[in-house]
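Look for chain A in each of the two complexes below; its partner is chain B in the first and chain C in the second.
And now, the complex of A and B:
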């Protein structure tokens, strides 16, 4: 099975540049997570005094991985939205009429998601610095976090793309938005697992994002006690591979039934 | 890519049917052939099935039954080879308003396996060809309808396709933009590109197409060169309006040798005399002479040729919306 790197790169570049020209996609990916971060960090920093809270430099450092993963989720979701919009406008037909492997159309879209997530994560990590975030994990920890987030974004992008391909509906994609937060709040994004209610804590075990958030916390703090990088990478890679396959299957299904 | 067999038709459709959910047969048993190097005009009203056929021929839609080959390749089993051979400009110009013309062209180049530098050069070349060099670095969202159509055409040409599909390329364009697009299509055809275009405009089919197929309700109702199709409907009419209705019979007598004189229609205008003549416009001078010799005073002499709209009306029983006025040569 030969890949088409040139095609995937061209589609990824296009997806990424359009993302930056569309305010309604830029808002949720870059601005929304930061706003939530500001609210949480300023309003609930006393949470850190709670018993069971792990020792992390500051609450900001603790929730930043949550913000980063939230960004990855939204990056994935917006790429599904952009895909649905391509389908509705007929742009996707232009791609389908080209002599390229159908898999490349999915991979190109997800390459854009990957690129977006890298930029986003770097942005969040940088913005948090002047507000007191510190990264004892060093360069390796930062790089690891960027990779984890990007792979997670692809994982969510795969689900979003699969839904977009099956329904071809932009409005449906937009209505999925709130579910992202369900996914986020059933993971210890903003509170440690020990502080989640029993039901949520049980759910968190099955949420791959749990392992991603904890791993990134561990990587940034340079403390594997906080989360295993291997578990995080495993969870995000597993998610990415499974949902990419799902999206490829959804495209094949779409082509078979039209 | 193996060279295209010169004898193989550029498009070959056999018993093609496409049924949509709900039982609509958008294409209902089509057979047609387009020869290499030809401009084939597919003429039909809204909902006739034009886009459905184009989407099948460009591998975007699967046929329900029947078969279609493009550039010698089956559109279902050999879709990738078909895609390499064709250029497509779909009805809804599928261009991303947030991208610039040049970006779109370069992306299209990459989709057709051009290397970066090659795609870049080809983009400039094509922008120049369709007159968008200065607009090329602007976002497509700000283009006029005519500019979009031209860009769409350029996009279809990136890989120098053998067969070009244009779905209603000039719908909604003003006469100047339309004429510019026609010129471009003609010059592409002169370079050897086979063109399959759909249109709702009789004039477009007439001006551009070597052969015309008339589609209605998913069926091919008539096919041929515009001249042959028009001749099928009838000979041109020479229409003489005399000053004094009392002279009408004398006029009929005088025009007898020019063609078949139609009897005065009951309830028609008595000063109107109609002669069916193959000579068309050339019958005007002898008609005036003959009338003059008999001393018949005439108000006007004109020739009405059948139009593709007449052909359309004859084969489908209805007229195309917005059809052009009948061609007439008045004297």
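And now, the complex of A and C:
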């Protein structure tokens, strides 16, 4: 099966431009994670005094990967919301009538998610800089973090697209917003895994975002002991491939049943 | 000469408030799962935050050894605040659909038009607040303040819901679109989290230390924490700052909402 890069790129560009035209979709993805970062970085920074907390140069840099992954989750979710909106408005039906491969429709949507996540992660990394975040991992660490977040956003976008395609309901997509935080909070997003409650630490082992957060932490700090980049890449790639397949399957089901 | 038929008497203020209150509660019955996100989100935050930050109680100066007990009032306030802010989103929908214009030409004072929906929000907020409390207690949060503490927590939550409702009304009459919904919710989010949300005042660092000290929600939280935090016992000293903060917030956002409503009818 050959891919259609021009179709995917065009659909990705459209997905991105729709997101930027609708401020109510962008507000949660860009502003909400930064607000949570500001509050957590300032409100819990005394946690560095706890026994077992790893020695880190900047507490803000330590919690920043949690924010980046939160952004990736929200980027994925909003792309599902935008897809559901296209389905409800009938635009998606017009796309289905176009002479393009159906899989390109899914990949185009996810290309938009990938682009949004790259912009978002770069924005978070830049905004945190004047507030004291430091990146000893250098350019390679920063680039690695952007890639990890983007692939993770595609992974979450795949789940969101699958749900949107199966249900076609905008209101349902909007109401799953809280459940996204379940994924975030069952990973060591803002605290080291060793200091989570025992139940949460056990759960975190099964959450792919655990490895992505820890890998980002390791990449930004240039310290592989904080997290393995290979494990992070494996987890995010595995998630992205599995959920993209799920979304393609959901589209096939939609075409079969409607 | 036959006399003209008498006009039906205009309904009293309380009757109008009652009707609008019932109408806002209909939302819960008519929209399937309307309360679900408002209930699930604070519970998820409660579980997530307590799981992430439970070790913070090991820091010197933390008033309780149960982080769940510390965070339960925060989640209750968050739940009540979101329920209150939804009043604004519902009003924005009524404005967009033209229904509110019809209410504006009715012979009732403007405050009556918002009193009903605010009462509806207060009633609705009891569901997520109670669910959060029950989940917290089931997972090990302690009711250290007894019945008085519980009363203080419900007072803090319901009054904060009214504050958030007035904020939502203000936003709705300014923007007159449902797209302002996230702004209403995030106003509540910011107000709640720029306080002693995660740690007590003594353990806050940097800019948040000052922000929390001046944020009235910090004192509303203290009022609610009399229920579950062993270091904050029910007492007049722990109660009046919260009541004063709530009084100030209600007066401030009430005035803004009325100002917006007056401009709308002009």
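What we mean here is this: the second predicted complex is superposed on the first by the 258 of 258 C-alpha atoms of A that agree within 3 Å, B and C clash if a C-alpha of one lies under 4 Å from a C-alpha of the other, contacts with A are read in each partner's own complex, and residues count from 1 in each chain.
As a convention for this text, contacts are C-beta pairs under 8 Å (C-beta built on N, C-alpha and C of every residue); 3 or more make two chains touch, one makes a residue touch a chain.
Keep in mind it's a predicted model, so treat the numbers as computed, not measured.
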First, second, both or neither for A:90, with chain B first and chain C second: first
Which of chain B and chain C A:98 touches, first, second, both or neither: first
Chain B versus chain C as contact partner of A:36, first or second or both or neither: second
Contacts of A:195 with chain B and chain C, given as first, second, both or neither: second
Which of chain B and chain C A:181 touches, first, second, both or neither: second
Touched chain A residues, chain B compared with chain C: C
Contacts of A:27 with chain B and chain C, given as first, second, both or neither: second
Which superposed partner A:18 touches (first chain B, second chain C, both, neither): first
Residues on chain A engaged by chain C in the complex (per definition of touch): 23-24, 27-28, 31-32, 35-36, 38-40, 42-47, 49-51, 174-175, 177-179, 181-182, 184-186, 188-191, 195-197, 199-200
Interface residues, chain C side, partner chain A - complex: 33, 36-37, 40-41, 44-45, 47-56, 58-59, 179, 181-183, 186, 189-190, 193-194, 197-199, 203-209
Contact footprint of chain B on chain A as seen in their complex: 6-7, 9-11, 13-14, 17-18, 21-22, 86, 89-100, 258
Contact footprint of chain A on chain B as seen in their complex: 58-62, 80-81, 83-84, 86, 88, 90, 92, 94-96, 98-99, 103, 106-108, 110-113, 115-116, 139, 155
